[in-house]
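The structure is given below, and queries will be raised subsequently.
In order of appearance the chains are A, B, C and D, and numbering begins at 1 in each one.
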Amino acid sequence: MSTLAPLEKNAGLVHAVETTLLAAPDREIEVLGRVPAGASRAEAVAHLRRAATEVRRRAVQTVGAAGAGHIGGEFSITDALVTLYLSVMNISPAQVEERDPERDRIVLSKGHAANALYTTLAVGGYIAPEALRTFLQPTSMLNGHPARTKIHAVEASTGPLGHGLPIAVGMALAARLDGSDRRTFVLLGDGELQEGSNWEAFMTAGHQRLDRLVALVDRNRLQQGARVADTNDLEPLADKLRAFGWEVVEVDGNDVGALLDAYAGVPAASGKPTFVLAHTDKGFPVSYMRDDVAWHHKVPSAEQVAQALTELDAVLASIDTEEEVTS
Amino acid sequence: MTSTVPAAEAAPAERTLFDCRDSWAATIAEVARADERVVVVVNDSVGSSKLGGFQKEFPQRTINVGIAEQDMVGIGAGLANGGKVPFVSAAGCFLTARAMEQIKADVVYSQYNVKLIGQSPGVAYGDLGPTHHSIEDFSWLRTLPGITIVAPSDPDETAQVVRWAAEHDGPVYVRVSRMGVPAVHAEDYTFVPGRAVTLREGDDVTLVATGTTVVRALDAADLLAADGVAARVLAMPTIKPLDDDAVIAAARETRGIVTIEEAMVTGLGGAVAQVVVENHPAPVRSLGFRDEFAVTGSAEWLLDHHGMSPSGIATTAQTLLG
Amino acid sequence: MSTLAPLEKNAGLVHAVETTLLAAPDREIEVLGRVPAGASRAEAVAHLRRAATEVRRRAVQTVGAAGAGHIGGEFSITDALVTLYLSVMNISPAQVEERDPERDRIVLSKGHAANALYTTLAVGGYIAPEALRTFLQPTSMLNGHPARTKIHAVEASTGPLGHGLPIAVGMALAARLDGSDRRTFVLLGDGELQEGSNWEAFMTAGHQRLDRLVALVDRNRLQQGARVADTNDLEPLADKLRAFGWEVVEVDGNDVGALLDAYAGVPAASGKPTFVLAHTDKGFPVSYMRDDVAWHHKVPSAEQVAQALTELDAVLASIDTEEEVTS
Amino acid sequence: MTSTVPAAEAAPAERTLFDCRDSWAATIAEVARADERVVVVVNDSVGSSKLGGFQKEFPQRTINVGIAEQDMVGIGAGLANGGKVPFVSAAGCFLTARAMEQIKADVVYSQYNVKLIGQSPGVAYGDLGPTHHSIEDFSWLRTLPGITIVAPSDPDETAQVVRWAAEHDGPVYVRVSRMGVPAVHAEDYTFVPGRAVTLREGDDVTLVATGTTVVRALDAADLLAADGVAARVLAMPTIKPLDDDAVIAAARETRGIVTIEEAMVTGLGGAVAQVVVENHPAPVRSLGFRDEFAVTGSAEWLLDHHGMSPSGIATTAQTLLG
């Protein structure tokens, strides 16, 4: 009794196919998990920096192998994703699996950074690292934008810009109705803020005084085809948010330590939602990608992947060195 | 400009007419009393959704986002994520047209347990003009996989559908009309989603109606009976999933099907046509709005004007027998 | 060759019907036309006040006779409509009829105030006063929201809120492409500003530096079901607009003189669109309607219509007296 | 997880495939050179619309509103009011879903002369997931009175449709695909809006295709011919207004109709079904997406996967003869 079910005799319909696998990375990403309980700030920062760098190492190889992706905006948001999943949020693979009502919620509104999310989920133990090799492949659960029906840890399907914030407002309202202290986090692109749906939700969140809601904007100053300032300028962005009833915190969004501190101070003002204005670089930290609009969805060649890995390995080495020095 | 507009065909005088919004309002309050997960989300539409009483009783659980339909539907999805059962209630025209991508992505693709209540749908806001008509909703929403679309035809069915929607886990769109309708279903009627209801047996021709047009189809069947034509009348509360079997049986057992809807004929009419050609080709005539924006006029007047008066329906049915 | 044309044999389709007429008003509205060229400010104000009061007299009778309408928001916006059509704008019935490309453009974004618009168009000579008797009647060109396909003077069909400003931005962009000095005016509701589409357009207009664009908000503090502040508050509204790149001018929106002065100063800042924050009362000036949310779409009884007429006639009398005094 | 996915059925090796966006880009520039009223309006989609060259040549006439589809369509209507001929170009999915009410009210109901260009429609963004598929566009837009909906099937037709749209006074929606397609039409082909094109004569069965599926229908007809089945192939570039006469003739003269579209089957399939049941009941099988969101996969893979490979189409056609 379903409307227009598949034609039975249609020989072309083959639903039970298995998927192809992308070429393997140089090494599979390690499940680093959360910052250990009781870690010092320096230890936490080192853990998160390492995780973020590993995520970037893996993600750039995925894009290279799949021949598609949005690497620039994935690299700018990686630090925020890793900081949230591995430290700030009250969340764990078990809580997700059991749908613990008290888990913190997160929505990646700039859903085109899916690969960064998937890789962060792998490093955090939410999905199997090997699954990353199915990115974009037929019947994979890892399509180009996160689907909540395919991955338990994804709280909301995103992709069309301007959807995440209203959903997050709903999550925060649900928490308040439950009398719960759980928090809701949402990650937005800066170009994305041109969508009016966001301003509806900014207004509602301010009016409703949702101070357990935290929105971070990945202020990388670039959108798909050009600089945000040349397309439809957002400035003065902080003033806009203040006029919509939000407390604004500015931070270096590619510095996990700064992000940790910013999130620790939430809510930044009681009775107000917090807007983390995270200054980032698209393509961070890879030299040939940084702040270049072409890398919104350009696909790195094999040489470019290798170059990125060299630069990222240098970052890993510097983290090792710093740890030795401080320990 | 003189007064030459024919009056709407008079309904039998003894009929009591109801506003299904009253039934919706009473039932959503009843459901909310029993299940504290139930919340309503509105776009400055407390009054037009008749939720004034609900808001008094459940102020926390009445979320008025103001005039912001995208926000409203997104918030519905977020509330569902938090385990709530949100009933998002707004004029059908704005709910569907303004929040189409939120309905597609946030609710239906995401399989969030959100109930979308399309208030005053069809041409209920007849004289407010086509911007306020929600006659595309059936056609637009039935392209979306996995959503259930229901148009109850009387107060009792409205209540049953609201209760069912609260229980059902998944996206639902319900039309709640303000057009006056009499009780159409029997006292012991039970709404079954996806199931047509045979209100009148008959093997000459089949009238398939939904929502506010069901009573008109019954009246048309009376007119046809007077002419010796036995019309089967199927109420089709669920537009999606459609009761394919009932449609196929009608195509097989009667000489043709007339669909009648307060909507573009690509809605119920389109759904029926597609099942018919794929299963048992047979003649279908679809009444509703056909590729034109409606002129100014009240809902009743517009339905009559577009061939959905009882005699208009009967005349169309006759063409299938001719 | 058209998709799904009306069924030929469908007896129910009767397309050529004439319309019914509403009960006649106490007196038909007079076509007052524009403020005469060379009029003093006092004369202009008197002309506009008289016109606005006549519009209200006629509009309340229309709503009473039709049994439907949005009288509260019509009364709050009437002064702006009359001031624009009869004085500020470069517009005339002839320009509209000939589609003069250089005519100023106006969009009533809060289209539910259609009756006020229609009546203003009648007083301005754009439609026949007798047409007002067809408001909402079958096949009338005067449906509940203005339709551009039905009335020449209507530049854009409105009704769903949040559509007028983007359209006006397009009109202003067209003017700029033409190198024309023509101006674009748009009238918005305050509740309407909750729609995100407006904020998209505010951003675009600011970014594009459309200083021939003037938006007026009818700040009557009420929306359909409640106060704006209780539903989803807009304050600090002027700050919001400034942060979106607009110059804000505050004015008493039920004072035609103040409106004249505000519009005379446009653009208020070069390179910026102007936002006229017009403080009004819903239902102005009728005592029993003013600032009462019920009058969003309540229909006045015969007694209430009479009462409104009495109050409006007193206004007309006071205009006469003032004119005698100053002349 | 092993590599067991069947490769897409290989197209004849010698075929040169084109990206119709190149044709769109060249033609819109040509049209803009000849008619200074022509402007383009985009949502940060200069690159994906292949309008980089246009923007260089006509910087003033390239209006990029950023990521704001409602604004984009409303601005289009305002530009049309100012005598411009705006081509509003954005990914089909966002253009239609996000700006549905603007399309309905500002453009179609207002009869503004706006051209809506749905870029990379259907499942062109296959592996980006259903949020980026524009497979509802036919169904959604064909409910709107007076809009013309066209899906050209090759570069030459794309160019002709863009030229025609620039001349035509009224709302138009054009799909411009990025999927590789060969030249399908003859050198002397002239696009006529609302007219089907008989690409292959035949009286056993009719294949009705549109846009990217036309070449697949032709390949299927070859397969059927090898089996002794003469399939009529109708290219249906115009989804609305539909060429009812061609459909009725097919229903009358052949044993059934297969519709093939890179869309929900409520689009072309629904339109054909409704004409058939109202005029000459006959069997129809509709290929396309049927009441499910597509799984991840490339566009070609998804079309094959959903029965629109040449052999899939041929097999479905055979069921009508069986």
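Basically, contacts are C-beta pairs under 8 Å (C-beta built on N, C-alpha and C of every residue); 3 or more make two chains touch, one makes a residue touch a chain.
Model, not experiment: these values are computed from the prediction.
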Partner chains that chain B and chain C have in common: A, D
Chain located farthest away, centre of chain B as origin (C-alpha): A
Mean-CA-position distance for chain D and chain A (Å): 34
Averaged-CA centre spacing for the pair chain C and chain A, given as whole angstrom: 46
Chain A and chain B: spacing of chain centres that average the CA atoms, whole Å: 41
Two or more partner chains touched - positions in chain A: 2-4, 7, 147, 157-160, 162, 194-197, 200, 203-204, 232
Contacts with 2+ other chains: residues of chain D: 65-66, 68, 70-71, 94, 97-98, 101, 105, 109, 130-131, 142, 265-266, 274, 278, 285-286, 291-292
Category of the chain touch graph - line, ring, star, complete, other: complete
Of chain C, residues touching chain D in the complex: 1-4, 7, 101, 105, 147-149, 155-160, 162-163, 165-175, 177-178, 184, 196-197, 200-201, 203-204
Residue ranges of chain B in contact with chain C within the complex: 1-6, 44-48, 64-68, 70-71, 93-94, 97-98, 125, 127-132, 265-266, 285-287, 290-292, 295-298, 301, 304-309, 311-313, 315-316, 319
Chain A residues within the chain C interface of the complex: 194-200, 203-204, 206-207, 232-234, 236, 239-240, 242-245
Of chain D, residues touching chain B in the complex: 94, 96-98, 100-101, 104-105, 109, 130-131, 135-136, 139-140, 142-146, 264-266, 269-270, 273-274, 276-278, 281-286, 291-293
In the complex with chain D, residue positions of chain A that touch it: 2-7, 9-15, 17-21, 68, 111, 130, 133-134, 136-145, 147, 157-162, 191-192, 194-196, 223-226, 228, 231-232
